[in-house]
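The two complexes that follow have chain A in common; it is paired with chain B in the first and with chain C in the second.
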Partner chain A sequence: MINSLDFANSIPLLIIGGAGLVVMLLETIFPKSQKGTSETLIFYFSLAAIVAAITFSFGDLTKNFIIYNKFIRVNTLTSVLNIVLLTGIFITVLSSKNYLQQEKINHGEYYSLLMFSLFGMMLMGQANDLIVVFVGLELMSICFYVLAGFMRRKVESNESAIKYFLLGAFLTGFLLLGIAFIYGYTGSTNYTAITDVHPQKDTFYLLGLTLVFIAFIFKTGSFPLQMWIPDVYQGAPTVVTGMMSSVGKTAAFGALISFFSIFALNNIPMVVAMVAILTMLYGNVVALVQSNIKRLLAYSSIAHAGYIMVGFLSINSFSIRAVLFYLVSYILMQSGAFIIISMVEEKTGDNTSKNTLESYKGLGKTNPMLSLLMTIFLFSLAGIPPFAGFWGKYYIFLSAIQVNYLWVAIIGILLSLVGVYYYIKVILYMWFYEPVGETTIAYRSDFSYTAAVISVIGLFAFGVYPDLILRYLRNII
Partner chain B sequence: MVEYFYLITVLPLVGFLINGLFGAKIRNEKVSGIIGSLMVLGSFIITLLAYLNITSLPQESRSITIPLFNWITTGSLNISAAYLVDPLSVTMCLIITGVGFLIHVYAIGYMHGDRGFARFFAFLNLFIFAMLNLVLGDNMLLMFLGWEGVGLCSYLLIGFFYEKKFAGDAANKAFWVNRIGDFGFMLAMFFIFMNFGSLNFAAINAAIPGSLVPVSMFTIITLLLFVGATGKSAQIPLYVWLPDAMAGPTPVSALIHTPPMVTAGVYMISRTSPLFSMGPIKMEVVMIIGCLTAFMAATIAVAQNDIKKILAYSTVSQLGFMFMAMGAGAFSTGIFHVTTHAFFKALMFLGAGAVIHGMHDEQDVTKMGGLKSKMKITFLTFLMGGIAISGIPPFSGFFSKDEILSKLFFAGHYPVFAIAVLTAFMTAFYIWRLISLTFYGKPRYDEAHVQPHESPALMTVPLIILAVLSVVGGFIGMPHIIAPNFIEHWLEPVFAPALAILPEHHVVASTEYGLIAFSILVAVIAIIVSLKMFKSGDRLYAFSGGFYNLLKEKYRVDELYDKIIVSPLLWLSGIFYRILDVKIIDGAVNGTAKFFNSLSLDWRKIQTGIVQDYALFSVAGIIAILLYILLR
Partner chain C sequence: MIWNAENIITLSFAILALGSAIMMITRRNPITSALYLIVNFFSISGVYLMLRSQFVAIIQILVYAGAIMVLFLFVIMLLNLSGEKKMMETFSYKKISAIILGLMLFASLGITAFFAFFGKYKTMNPNAEIMGTIQSVGKELYTTYSFPFELVSFVLLAAIVGAIVLAQKKFE
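Let's look at the complex of A and B:
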C-alpha cells in the first residue's frame, strides 16, 4: 500500500519527476512563434524546481525511512546525495541556456531530458531494490544517450551517442545477469529481504555482486571499462559532457556507496584496489599527450574515478564521508571547467568545434577573468590547496591508509603528481604564451559566468573550511 | 555583546578586500583612505567595548573564548579557529587599533599623491588584520597564522617602493631573517604538540603543572620559541633586518616599530609564560640576549646620521629592555613598556616622517638643524617623545623603564642592571643628539632650495594625540610605593600561572626611591651632555676617534653575516645547483617525464575509435575480474 506518508517523504523525487513532465508539456503548449517565451519560462521553471527540491532535501537530512513498499530509502546518505546531484544539475542548467542558443539546439526537451536523467540518478541512490536500481540506471542512461547526440546535425555528436548507446546496452546485460544471480541465490531483489537472508560467501552470490559492481565500473568510467569515455565526452555537446562527467559519475558513485553500504564489499577488496590503481594509471598517463582539451579532461575524469575508487577499498563511515566530500568538490570543479571550455570553444569553417589546447594560448591576456576561473578549476582538479579538491584527495587517501592500504595511497599520490603535469600545462598555455591569432570567445553569458563563479566560491569555501560539508556528513550510517 | 567581538578582526579584513579588489576602480584617495581608517577605528571601538565588557567581570573569569569555526580536524589534531579575549589580548588590541588608526590618518596625509595609494591602504588594513589575529588567536597555530601574516605584510610594505632596489633588498632581508625565526617557532609548535597533545594555550597551561614532560624538553621548546622571538622582535643575532626595514614609507616604519609587529616576540613569550617559568636557564638566556641587544643597538644608534636609522636602532634597543623585563619574570612590566613604547616610538617615527616630508626627503640629521621655529608642532610633539624615551618623570617612558630597572635590581641581576643603566644613559644621549641636530642650532641645509614647512593637519593631529599619550600614558603603571599599579593588577590573571612558579622578590621602599632618583639623574646628565655637544653640529667624531667608525658601520655585523653565512651558502648552493639539481634532480625529473610520455604515446593506441575493439577490451577485463573471483 502506498500512503500519503510515502509522498511526503519523497517530495524531491516527485518535484523533479513532475518538473520533467511539465517542461515537456510547456514546450508543446507554446506555438513555434513564441519560442523565446517558452524557452525563458522553461529555463526559470527548471531552476525553480531544482531549488525547491534542494530545499526539501535539506529537510530530509534527518529522516530514516523505507517507503513505497520498501522500494525507496530516505536517509541522510540519500538526501546528501540528492543535494549534491541537484546542485550539479542546477549549475548545468544555468550554464546551458546561452550555449544551447549559440549551438542552435535550444529545444525545450533538453531540460526535460535533464530532469528525467536527474530523476533516474536520484532513484538509483535511493533504491532499496535491485529492480529500482536498474530502472534508475536505465532512465539516466537513456537520457544521456539522447543528450550526447543532441547536436543531431553534427557527426561527432552522433558518433558519441551511438558509441555510448552500444557499449551501454552491452553492459546492461551484465547488470541484469548480476541481479539474476543475486535473485537466484536469495530469492529476492529487495535489499531488506536479501539482508534478512544473511547471504554467505557463496560463489553465485559473489558473482552476482561482482557483476553489479562491473556495471558500475562501466558507468563510472573506471578501468577496464573506460574505453567509451574519451570518444563520448569529446563528441557530446560541451555542457552535456560537463554534466555527464561530473553529475553522471557522481550519481554512479553515489549509487555504488548506497549499494555497498548494504551489501558488504569486503569480499572483493583486491579487485577494487586493482581497478582503482589501473584507472588512476591509465587516466593520468594517457592524458599526458592529449591535445584536445575535452579529451584531456575526459582522461582526467578517468583518473578521478580512480581516486574515488580508492575510497571503496573498505566501506566505513569515514570512507563514505571521504568519497562524498570528493564528489562534492569533483562536481564543482569538473562542471566548472567544462563551462569555461564551452565558452572558449573555437569554431572552424564548417562550424565544428576545435577545442584544441592551442586555443588556450595567451587566454590570460585576452580574457583574464575566464582564465582565472579556469586556473582555479585546474588547480583544484590537481589537488592544490586552498581549494576543495585538495581535501577531497586528502580524505580519500587517508581513508585508504586507515584500512591498511598504505601502498594504494602511495601509488595514488604519486600518480596524482603525474596528473599535475597536464593541468599545469593548460595553465602554462593560458598565462605564459602569447595569443595565437585572434582568440574569440564563442559566446558571452552572464548565466554561465554565474554558474562558474558559484563553483569557484564553493571550491574555495570548502577548501578553506571543509567542515562546511563534513558537518552534514557526520551522522551518515 | 561577546558574539560580536569577531568584528574586531573582520572590519580590517573588509577594508583590505575593498581597497585591494576595488581600489584601482575607486581611484579616489579620500575614499580609499577613509575606508581604510574607518575600518580600524571601528575595530578600535569594538575593542573598547570588549575592554569594558571584561572589566565588568570578576577578575578570575576575565578570559572569554570566542569560537569561530572548526578549522582543521584530522586525526588527533583538532584546531578550532577561536579568539581569546583576556586582559593581555585586549591590551594589545587597544594599542594596535588605537595607534594603528592614528597611523592610518597620518598616512592619508603622508601618502598623498602616491600612485599606489589604495594598494598601500589595502596592505595597511591587512597588516592590522594579521596583527589582531596574532594577539587574539587562542591557539599557537592561529597565532602563527597572524605571525606569518605580519611577516608577509611587512615584506609587502617595506618593499612598497618596489622600483627602488634597496627597498626590494630590504624587504627580502626582512623576509629571510624572519624565516629563520619562524622555523624556531614552527619546531617549538611541533614539540609542544608532541608533548602536550594540543596547541591551545589554555590546554597547554593546564597541562603544565605536574606534567611528566622532562625539564629539558621545556628548555628546548622555550629556546626554540625564543629563536622565533629574536627573529620577529629583532634581537641578537637576528636584529639586522629591522634597521633596513625603514626603506618602506614612514607610516609603515611606524607601524612596524610599534606593537605588535616587532613586539610580537614579547607578546608570544608573555602568552607562553608558564612554559618559560619551568626550570632554569631560559629566563636568563632571554634576559642576557635582551641586555646585550639593548646595549649594542644603543651604541650603534649613537653614531648614525639617518634620522629613521637612529630611531630603528633605538627600537631594537628598547625591545632589548622588554626582553630584559621578560627574562627577569616581570611580564606585566614588559607589556607596560610595550605600551608606552608604542606611544612614543610611533610619535617619533611619525614626527620623523613629518621632518622628512618638510625637508623634501632629506633624512640626514647632519644636514638639518634649526627646524624648531619652522615646524613648531612637529618639534614640540617630538620633544615630548624625546623626553618620554629618555626617562624624565612624569612622562610615560620613565615609569616603564624605571620599573624594568628596579625589577632587575631587586631580582639581584646586578651586572645586567648596570648595563641597563648605561644603556638608558646612551638612549637619552642619542635621542637628544637627534633632537639637537634636527631642531636646534643653525640650518645646515641649502636654504635657497629647501624651505622646511609644517605638515598638514591630517599629519599633525595624530602627532598631537600621540604626544598626549606619551606624556600621560605612564600613569597606568606607577611604582607601588607612589600609587597602585593599574596595569600590573589588570594583567595579573594572565601571568598568575607563571608567577606562581617563579620566585618572588621583595621591594625595599627606600632603595626604590634611591633607584628612581638615580635613574632621573642619569637621564638628566645624558640630556645636558648631549645638548651641549651637538647644539652646533655633529662633533661626535672628535670625541670618539676610531671607535666611531666601527659604530657608524654598525660593528660590521652585516658584512660578517655576509662572509660567514651568506657567501658560504651561495657557494654551497652553486655546487648543489650544478651537481644535485642539474644532474641528479633534473635528470630524474626529465627521465620520469620521458618515461611517462612514451608510455602515454604507446597507450593511446589502445583507443582505436572502433566500438568492436572497445567491447573486446571490456570483455577481456570483465573476464579477468570474474576469473579472479572464481579462482580465488
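Let's look at the complex of A and C:
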C-alpha cells in the first residue's frame, strides 16, 4: 500500500512527473495568438521545476528507503543520479529555446516530452523492480523517438526517428524476455526479493540476465549494437542529439549500475572487457574519418560508452564512484559540445554543407568566444588535464587497475590517445585555418551561451577540485 | 471425456478454431484469409472463456481481433497486392523452413497434449481457476502493482502526445 511517507520521500519524482502534465496544460491555456507568451511561460516553468527537483534531491542524499510498496529506492546513489540527470536536462532546456525558435519548431510539447523522458530516466535509476526499470525505459525511449523526429519538415529527422523506433522496439523485446526469464527462475521481479532468493547459476536465469544486458548494451550504444547511433544522432534536432547522447546514456548506465550490483554480476569481467575494448576501438577508429561534426561526436560518444563500460569490470564502491564521476563530466562536456554545434549550425537552405567540419574553419577568427568554449569541451572530451574529463578517465582506468585488469586500462589509454587526434583536428580547424566562404554566425542566443558557460564552469571546477563531486559519492555502499 | 454441455461448447469452439485456421491458410485472396483469421481469434477466445480465463479471452479479442487484425487489413489494403500472385510466390527454402518450423510447433504442442491426456496434469490446478479471472487480475493490479500501473499511464500519455506531434496534419 502507498502511504504519505512514500510521497514525502519521492518529491523530485513527483515534481518532474507533475511538471510534464502542467506544461501540457499551460500550452492549451493561452489562445493561439499568444503562442509566444505561453512558450516563454513554459520555458521558465520547466527551469523552475527542474531547479526545485534538484534542491529536493540534495535533501534526499542521506536517505535510505525503499518506498511505494518496494518499487522505488531512495538512497545516495539514486539521489546523485537524479541530480546528474536533472542538471543535464536543465542545460538542455536552457539551450533549446533559441534553437527551437530558429528552426520554427517551438512547441510546448517539446518541453512536456522532455519532462516525461526525464521522469522515465529518474524511474530507471530509482527502480527497485524490473517492471519499473522496463516502464521507465519505455517512457524514456518513446519520448526520445518523438523528439528525434520533432523536425517534421526534415527528411533526416524522420529517418532518425523511424530507425530509432524500429530498433528500439526490437530491443525492448529482448529486455522483456530477459525479465520474464528472471521472473521464471526467481519467482519475482523485485530486487529485494531477488537478493533474498540468492539465485544460483541456472541456464534460464543466466539467459535472462544476458538478454537484459543485451538490451542495456543497445541503450548505451556499446559495441555489437552501436550501429543506430550515428544515423539517429545525425538526423535528430541538434539539442535533442545533445540530450540523447549525454543524459540518455547516463540514465542507461545508471540503471546498469543497479542491475550489476543487485545481480552481483562480478563474474563476467571478460565479457565486459571485450565489450568495452571493442566499443572504444570502434568509436575511436571510425570517428577519425568523419567529416560531419555531429557524426564525429556520435562516434566519439560510442568511444565514451566504451570508457564507461571499463568501470563495470567489477562492481565495487570505487568503480561505482568512478563511473558516476565520469557520467557527471561526460554529461557536461557532451551536451556542452552539442550546444555549440547547435549555435554554429548554419541557417542556409543547403542541407549538404550543414554541420560539416569545413564550417568550423576559421571560427576562432569570426567568433572567438564560441570557439573558446568549443575548445574547452573538446579538450575535456579528449581527457586533457585541467578539465573534469581527465579525472573521469583517470578514475575509470584506476578502477580497472585495482581489480587487476591492467591490460584493459592500457588498451583504453592507448585508444583514448587515438581519440585525441580527431578532437584536436576540430580545434585546429577552428583556430589555424582561414574562414571559407561567407560564415554567418547569425544569431547570438543568450540562453544557449548561459548553458554552455555553466557547463564550462562545472568542467573547470570539477577538474581543478574533483572533491566537489567525490564528497557526495563517499556514502555510496 | 464427459459429454456435458460445457465440454460440448468447448469442443465446438475448438473445431471452429481449427476449421477457420485451415480455411485461412488455403484461401488465395489475402483479405479473405485475414477475415478467417478474425474468426479464428474469436473462437480461440471462446476456448479461453470456457477454460475460465475471462481476462485472457477479453484481451485476445481486444488486442488481436481489435488492434492487430485491423493493422493487418490496413497493410494488405495499402500494399494493394495484385491478386494472389505475390502471396503464392514459391521458394523452396521458404517451404522447407516452414515445414520444419511447423513440425517443431506441432511436436511441442503434441507433447503438451499427450501429458494433458495421459500424464499427471489431468485435472485443473485449483489456483488456475481464480488466476485468470478479471477479479484477481484487477485485485493484484490495484493493490500490489498500483505504482507501476500508474506509471504506465504516463507511457500511454507520452505515446499519445508523440503520435499527435508526429502525425497531425497542420502543427503550428
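The rule is short, and it goes like this: the second predicted complex is superposed on the first by the 470 of 477 C-alpha atoms of A that agree within 3 Å, B and C clash if a C-alpha of one lies under 4 Å from a C-alpha of the other, contacts with A are read in each partner's own complex, and residues count from 1 in each chain.
The definition used in the following text is that contacts are C-beta pairs under 8 Å (C-beta built on N, C-alpha and C of every residue); 3 or more make two chains touch, one makes a residue touch a chain.
Computed from a predicted model, the values in this text were never measured in an experiment.
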item	value
A:Ser112 touches, of chain B and chain C: first, second, both or neither?	second
Which of chain B and chain C A:Lys163 touches, first, second, both or neither	first
Partner chain(s) touched by A:Glu138 [first = chain B, second = chain C, both, neither]	second
Touched partner set for A:Ile214, first chain B, second chain C, both or neither	first
First (chain B), second (chain C), both or neither touched by A:Gly17	second
Contacts of A:Phe312 with chain B and chain C, given as first, second, both or neither	neither
First, second, both or neither for A:Tyr205, with chain B first and chain C second	neither
Which superposed partner A:Leu470 touches (first chain B, second chain C, both, neither)	first
Interface residues, chain B side, partner chain A - complex	69-71, 73-74, 593, 596-597, 599-601, 603-604, 606-607, 609, 611, 613-615, 617-618, 620-622, 624-626, 628-630
Of chain A, residues touching chain C in the complex	1-2, 17, 20-21, 24, 68-69, 71-72, 107, 109, 112-113, 116-117, 119-120, 123, 129, 131-132, 135-136, 138-139, 142-143, 145-146, 149-150, 152, 161
Contact set on chain A toward chain B in their complex	162-163, 166-167, 170-171, 174, 203, 206-207, 210-211, 214, 218, 223-225, 227-228, 230-231, 268, 270-271, 275, 282, 285-290, 394, 398, 418, 421, 465-467, 470
In the complex, chain C residues that touch chain A	143-148, 151-152, 154-155, 157-159, 161-162, 164-166, 171
